[in-house]
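First, the structure itself, so that you have it in front of you.
Here the chain labels run A, B, C and D in written order, and each chain numbers its own residues starting at 1.
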Amino acid sequence: MLINSETKVLVQGLGKDGSFKAQKAIEYGTNIVACVHPNKKGQLFENKIPYFETAKEAVKKTGANVGVIYVPAPFAMDAIIEQVDANLELIVCITEGIPVHDMIKVKNYMKDKNSRLIGPNCPGIISPKLKIKIGIIPGNICKDGDVGLVSRSGTLTYEAIAQIGEAGFGQSLCIGIGGDPIHGTSFIDALSYFEQDKNTKSIVLIGEIGGTKEQQAAEYIKTHISKPIVFTIAGTTAPKGKRMGHAGAVISGKMGLASEKIKALKEAGAYHSDDPSKIGDTLKNIF
Amino acid sequence: MLINSETKVLVQGLGKDGSFKAQKAIEYGTNIVACVHPNKKGQLFENKIPYFETAKEAVKKTGANVGVIYVPAPFAMDAIIEQVDANLELIVCITEGIPVHDMIKVKNYMKDKNSRLIGPNCPGIISPKLKIKIGIIPGNICKDGDVGLVSRSGTLTYEAIAQIGEAGFGQSLCIGIGGDPIHGTSFIDALSYFEQDKNTKSIVLIGEIGGTKEQQAAEYIKTHISKPIVFTIAGTTAPKGKRMGHAGAVISGKMGLASEKIKALKEAGAYHSDDPSKIGDTLKNIF
Amino acid sequence: MNLHEYQARDLLKKYNINFPTGEIGSTPQEIFDISKKFGGEVVAKAQIHSGGRGKAGGVKLCSTPSEAKNFANSILGKKIVTSQTDSEGVIVEKILITNTTIISREIYLSIVIDPDFESPVLIASSEGGTEIEKMAEESPNKITKIAFDPVLGAKPYELRRVISKLEIPKNAIKDFYSLVNNLFKAFIETDSTLIEINPLIIDDNENIVPLDCKINLDDDSYFRQKELFSLRDKNQENPIETRAKDFDLAYVKLDKGNVGCLVNGAGLAMATMDVTTKSGCFPANFLDVGGSTDKEKIKEAFRILVSDENVEYLLINLFAGIARADLIAQGVVEAAEETLFKLPIIVSMRGTNSEEGFEILKRSKLNIHIAKDLGQAANILSEINKANK
Amino acid sequence: MNLHEYQARDLLKKYNINFPTGEIGSTPQEIFDISKKFGGEVVAKAQIHSGGRGKAGGVKLCSTPSEAKNFANSILGKKIVTSQTDSEGVIVEKILITNTTIISREIYLSIVIDPDFESPVLIASSEGGTEIEKMAEESPNKITKIAFDPVLGAKPYELRRVISKLEIPKNAIKDFYSLVNNLFKAFIETDSTLIEINPLIIDDNENIVPLDCKINLDDDSYFRQKELFSLRDKNQENPIETRAKDFDLAYVKLDKGNVGCLVNGAGLAMATMDVTTKSGCFPANFLDVGGSTDKEKIKEAFRILVSDENVEYLLINLFAGIARADLIAQGVVEAAEETLFKLPIIVSMRGTNSEEGFEILKRSKLNIHIAKDLGQAANILSEINKANK
């Protein structure tokens, strides 16, 4: 599941920024086999990876099974849909700033499709063991190990990765699910994967204020997860109403508060790192 | 699958016409357990079957697993959606004249749902063995037997049932899939059911001009159906363009012609009754 | 229901789809005045519910107002027969005058509902101006088709392929996206089954300009599209079909034949036609009374059927399910007596109360021939027909 | 982005949602004239980007034009502080004058995006007029919520339940359906994240009439909603937040505290705040430079941060992934020298080129304290702070 030695990656959105990110992924060891650009058919990226006009054609010609999207927000929905229609198993969308109405449409469209989406507005996933990264998590801060990491944040994910390493552990797989209110792969999906993954012995979960996804994760943990979980919630001191819009506050009431999320996850048996700079220490303490 | 001795039916659309149809179904032996009407909560239909305000509530209270819809066309889409949301396994929509744009929405909505739809604009299904009918096929013309019948037509279905009976056979199950261009259960779904159904020994298929569903059925028959099939296509002498709109003609080209459908089904090994009044005779001849 | 070109233009204008300036007139003087106002060359187009109008002389490029007036004089109030009308043709009551446009290329564009995709599809061809059926036969590889998603509309990544196949000029690409999106919006909101822009032209400034359009609406959407249906032009329809429609009956007039067919259900109606034809007789028409149980409706159906002068025999073929055969028989008898109908009536009735129905017919003084099924009915009909020849 | 009430009214009018007649004025004389034109009683409403306006004195029922003028005199150009603004409040530059309506009952209605349903939802309460948060706490059972389907909109069978719960008068049911459908259409087409009608009133004739409305637009939809975003009123926003936004930076001003925080990434920003607070210091603000690698942007970020008079320390906490720590350091040094910044800067940098970044900072003449991680940075900060007190 997710990524393995058979993973062949297709890249969409190779502007200046996207090209840099793709290069970094190739350097890390990721097997990028195809690039998609409507006007570059026949050309090569980095003198070796062929461009195709459409994702469907790229999949047909190269057998790509994973897609990554760096395209700018106005065109990101279309890129996701194109990759879904091309039947890619996993689609990682890094793009930030996609209108929420677009993501509603994307999620609705994907209901009966076979693709799994990670993101958008996420750093993607990385496997230090396989030396594969789909996205932008810096490879040099990761090391192979048995901690599964799932996070709503971007740079705080890197912070957590670094702390895990400093505490003497490594990562089985890091999954950045992204900070947008409507996103693909959820905490629950990631937890379910880690529970089944034999390379994963413990789990680190990084949550944030807003929404109720952490509470849903807590419910799931109670009945489905046997492995130890360390978590932190960013934003315990965030002023109410500043980041959460009026709308969010209405719907979930006080559910969006960090305190509520911490309570739920603690009740589910997860270990709380009440200081985001002590995630590594908390992890060390439970072993 | 479809209907069995556990079938509990919920009825929606009990106006004058719908009430008459429901009464006939009860007389035949159908186990109608619930009626749905927004303003008749607490009342009884025919002094015995309770009315509920919503389909969900009716399902919760009675365990209904099959729905039938007689509601007028303007409200039929909503009734189908309500029954889908109430998780009914099978929904039979008799209603005629539903706007095609509504059916596009319905089919799109049902993509990732668990309900099976039969119709709309169809006579429904009947099982002479179980004495259950969901819809309006006259019970008195049916008899228990081993011929599976699937048809796009309404009254021509009755004609075929009568002919099957006159030829000395009976029906295992009759499925009227309806004459609308966009509908639920297809020829292929019905054929697949009959192939697996141990009570069915042979199949009668009644097609019509327009669309390409018969050709799709032919393709399916080639690889999936081992039981003998007798078919007829209504409209061999229909003037081109009269019933089919300009639109249909464009899309399927000459595929909508009876001659093309007959050719495809014959090539798939089905037996053609070139005279719709000789369906029974054709069936007799193959045994 | 069909809209006239000028109605379709007005409707699409609300969706930001703009045609060359045009105005409608219904007298030669009006046509003269409009043409004069437009100045220079104009195109005069007869407003009828049919394609193939150009070849049938319904469209004329006029250099002067007088030329337009003469054209109007020659065509207003007359019937035009095209490849798509029946032999009677349809009447011209209005003419649309538009400015001329310098055409550099013609494209075909339409949205229809495709039962295989279960969604609206966009059909496009780089060769517009002719009928799509002809294109489909002659150059199918020039036609592209993409499906609209109910939520997403046309997917941009698919539309790019269409744009490249149609060779839309770079400067017009944005307008093309808008056009397709606006057409789709119109298609959905008006409950259309067809919107056709043919031709969509590329003018000498590389702009895309829709020149002609056609809209068909879903008759089943009448209940929520009353305003649009008020545009219905009954004068363009066969008056008997219109009369039947008003009684919620489906009537189809056929080109040859002498048998009037009264049936219930579309499938059975077609089967009746097939079997009748096979036996050597031809239906003159058929009328589907549906699941109706209303005697008045049956009587009206009878009246409509026999109002066709070609009818020499009446074939009644019914399978009564919800409908009751006795009620139908009663309606037939009353209507026949009322219209003094004396021609032979061949009847096959099955299902609910068919025995009672036969009794009613037998008791009447009509020229009734009773058959046990459709096959026998066709045989009887064929024999009587032979005897009469 | 927020719209003003009068802008939201104008926008919804295009969707056939009609409010009591109203007109906007920005001087006492204009308010006088409008009120006079309206005749009789009017309601005068200050146009600000905040709820809770009524309780803060921003709404007044005026019996005469002079009363309205006096109200305008007292409030125009002044700032209003409500329960939803910060302690500075927001300025009143326009007043909306509307006709009065006889209210028999008040209802609450809104559409928001619900991440759990992954769709827009309709929120309704039979008790309007107050803030929904309050209702949610005080009478949650009066609130109903149904999801909109992207294709179907509000499902009629579910809407029936809402109608019955709200006890909409029978004669107004049809209007209520239309209102909800029109609101949903507006919500989708304008990329809204909130449309709130509060109150929706039932008047003495049993009609439903929307009285007040609020619209928030999705900032991420700017690229396709330029016309709507031209309605943006920068005077209602914190000027520093506006300046940051213009540079595509996310700045949040906080109520207390003396630490300016320069961070990258929202999650890390919050974590920085949490850790700082835990160590006994409070952030005065924070500025998220995102994945930016642009030195000019970093410099602007620095300038914005230190323009806050409360800032006594600067905390830089970065985890460079795509961004490069050395470039950021260079930007900080240049901006600090340019602004003659002398206060202590505590820095934790990790990731890409962080060593080079540290070197650049060390070589500068700034008052730099280097920490190996966020925890240590917080400790250093806390110690300096204690020493200074």
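Some points to look at:
To be clear about the criterion, contacts are C-beta pairs under 8 Å (C-beta built on N, C-alpha and C of every residue); 3 or more make two chains touch, one makes a residue touch a chain.
Note that the coordinates shown come from a computational prediction; the quantities given were computed from them, not determined experimentally.
By number of C-beta pairs in contact, B-D leads when B-D and A-B are compared. In whole angstrom, the spacing between the mean C-alpha positions of subunit A and subunit C is 54. Subunit A and subunit B have CA centres that are 46 Å apart.
Residue positions of subunit C touching 2 or more other chains: 150-151. In subunit A, the positions touching at least two other chains are 105, 108. With chains as nodes and touching pairs as edges, the resulting graph is complete, every pair of chains being joined.
Subunit C makes touch with subunit A in their complex at residues 149, 151-152, 155-157, 160-161. By the touch rule above, subunit D contacts subunit C in their complex via residues 150-151.
Residues of subunit A touching subunit B in their complex: 111-112.
Chain contact summary for the complex, subunit C toward subunit B: residues 51, 84, 110, 112-116, 118-121, 123, 132-133, 136-137, 145, 150-151, 188, 191, 193-194, 196, 216, 218, 220-221, 223-224, 252, 254-255, 263-268, 270-271, 273-275, 277-278, 290-291, 318-322, 350-352, 373-375, 378. On the subunit A side of its complex with subunit C, the touching residues are 38, 54-55, 75, 77-79, 81-82, 85, 105, 108-109.
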